[in-house]
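So, here come the structures, one by one.
Consider the two complexes below, in which chain A is the common component and chain B and chain C are the respective partners.
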Partner chain A sequence: MKITFLELEDNYAKVLFENTTPYFVNAIRRTLISDVPKLAIENVTIYDNTSALFDEIIAHRLGMIPLPTHLDLLVFREECSCNGKGCPNCTVHYTLSKEGSCTVYSGDLRPEDAMWAVKDKNIPIVKLLKDQRLILEAEAQLGTGKQHAKWQAVCGIGYKYYPVIEIDSEKCNLCNECVEICPRKVLEIKKKKLDVKNVEECILCKSCEEVCKRDAIKVKGDENRIIMQYETDGSLSAKEVLMEALKILHKKYDELEKKL
Partner chain B sequence: MISYKCAKCGKNVDIDSERMGMKCPHCGGKIFYKERGTIAKKLKAR
Partner chain C sequence: MIIPVRCFTCGKVLGSLFEEYKKRVYIEGENPKKVLDDLKIRRYCCRRTIISHPVFVKGKEVKEPIDEAAQYE
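Let's look at the complex of A and B:
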């Protein structure tokens, strides 16, 4: 199997898998969603809250904030040597203290160390009026998407077959209908010939195939080449998250092999 | 006896919940807020 990054940004990746099967790529997709660990706020101690929102709603909003995750520095709380009590190896502490009138943002969460500072500083938590206060402490710990959506590092993940567009230029009369109907603008007429501009953009909707009266276009998907794209919520980078998923999958196959 | 905060004058008023009807002895207001306790509240962020 060959893996190529077609596009790679901090929080977004488009990956091409070659010589593979849909089953295998789906296993990677499911691992990315439910098994890759990330940091999220789990325990909140509220000392004062005179805002308009209930304590529970504020706690829930805090839980959903993406926190930067350094997987090499943290272990799961259940597996930690502290026996689940919470120690620097498994828990990250945050404090928040604000008095109105203002809006409390995710950036107001103060971590114990600057490396854990929230990256997206402009997520609103609650609006405070004059004399309203919010004072709390929060504990963040590792978890997986299986347990709760707040521990899901990846979002908007999907995959498709690699599109193969075959054009029969003898049948084509350059009517331009397929070029116009394509939602991704994949086709173009160049030098009096119908041509494919950017094949990877094709979503295999087959609109061009249906609109063509002369059957000049055939759109197929190559089952052995698969394009997968996903975003991360910012807690892990797109590359880190894939490497971690592959490690986890590898470990699972190893365990299966040992048990057989 | 539970302490409530009067919505009209803002003073803390001790009111016997057994008795029918509530009225602020300072201003006569009839709307009260239940004040938040001073105990830290532990919650799960879910």
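Let's look at the complex of A and C:
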């Protein structure tokens, strides 16, 4: 199997898998969604909250803030040597204290160490009017998407077969109908010949096939080449998250092999 | 009302993007489509969450972007 990044940004990736099967890529997709651990706020102690929002809503909003995750420094609380009491190996503490009038942002969460500082500092949590106060302490711990969606590191993940567009230029009469109907503008007429501009953009909708009266165009998906797209919420980078998923999947296959 | 931290459907973080969207669309009068594309909000679930969020400028609800917002600013 060969993996190439077609597009790679900090929080977004488009990956091409070659010599593979849909079943295997789906296993990777499911691992990415439900098994990659990340950090999220789990316990919130509220000392003072005179804002317009209930304590629960504020705690819920805090839980969904993506926190930077250094997986080599943390372990799951259930597996930690502190027996689930909470220690520096499995817990990260944050404090927040603000008085109005102002908007409380995710950047106002003060971590115990600068490396845990929230990267996305502009998420509004609550608006405070004059004399309203918010003072709280939050504990973050590792979890997986299986437990709760706030621990899901990726979002908007999906894959498709690699599009293969076959054009029979003898049958084609350059009527331009397929070019117009294509929602992704994949086709073009160049030098009096129907041509494919960008195959990877094709979504296999087959509108061009339907509109062609002469059967000159055929769209197929190559099952052995798959394009996967995903975004991360910012707690892990797009590359890290895929590496981690492959590691976890590898471990699972090893376990299965041992038990057989 | 305050903007949801994440998209209801897919979980993308939108809270931090909305203030820029609000400023550019409702106060500076840019085309919403262009701003959404610039902010890399790709899926229609996230786009509807941003577009349909009610906007208040100086305490008054603004239903139509651009011109109406300008008179409260």
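In this section, the second predicted complex is superposed on the first by the 260 of 260 C-alpha atoms of A that agree within 3 Å, B and C clash if a C-alpha of one lies under 4 Å from a C-alpha of the other, contacts with A are read in each partner's own complex, and residues count from 1 in each chain.
In this section, contacts are C-beta pairs under 8 Å (C-beta built on N, C-alpha and C of every residue); 3 or more make two chains touch, one makes a residue touch a chain.
From a predicted model like this one, the values you see are computed outputs, not experimental measurements.
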Touched partner set for A:E42, first chain B, second chain C, both or neither: first
Which of chain B and chain C A:S51 touches, first, second, both or neither: neither
Which superposed partner A:K127 touches (first chain B, second chain C, both, neither): second
Chain B versus chain C as contact partner of A:G156, first or second or both or neither: second
Chain B versus chain C as contact partner of A:H148, first or second or both or neither: first
Which of chain B and chain C A:S106 touches, first, second, both or neither: second
Set intersection of chain A contacts, chain C complex versus chain B complex: none
Interface residues, chain A side, partner chain B - complex: 40-50, 55-56, 59-60, 62-63, 138, 148, 150
Partner chain C, residues of chain A touching it in the complex: 12, 53, 61, 64-66, 106, 120-124, 126-127, 149, 152, 155-156, 231, 233-234
Residue ranges of chain B touching chain A (in the complex, touch as defined): 36, 40-46
Chain C - residues contacting chain A, complex: 2-3, 5-7, 10-13, 15-16, 18-19, 40, 42-43
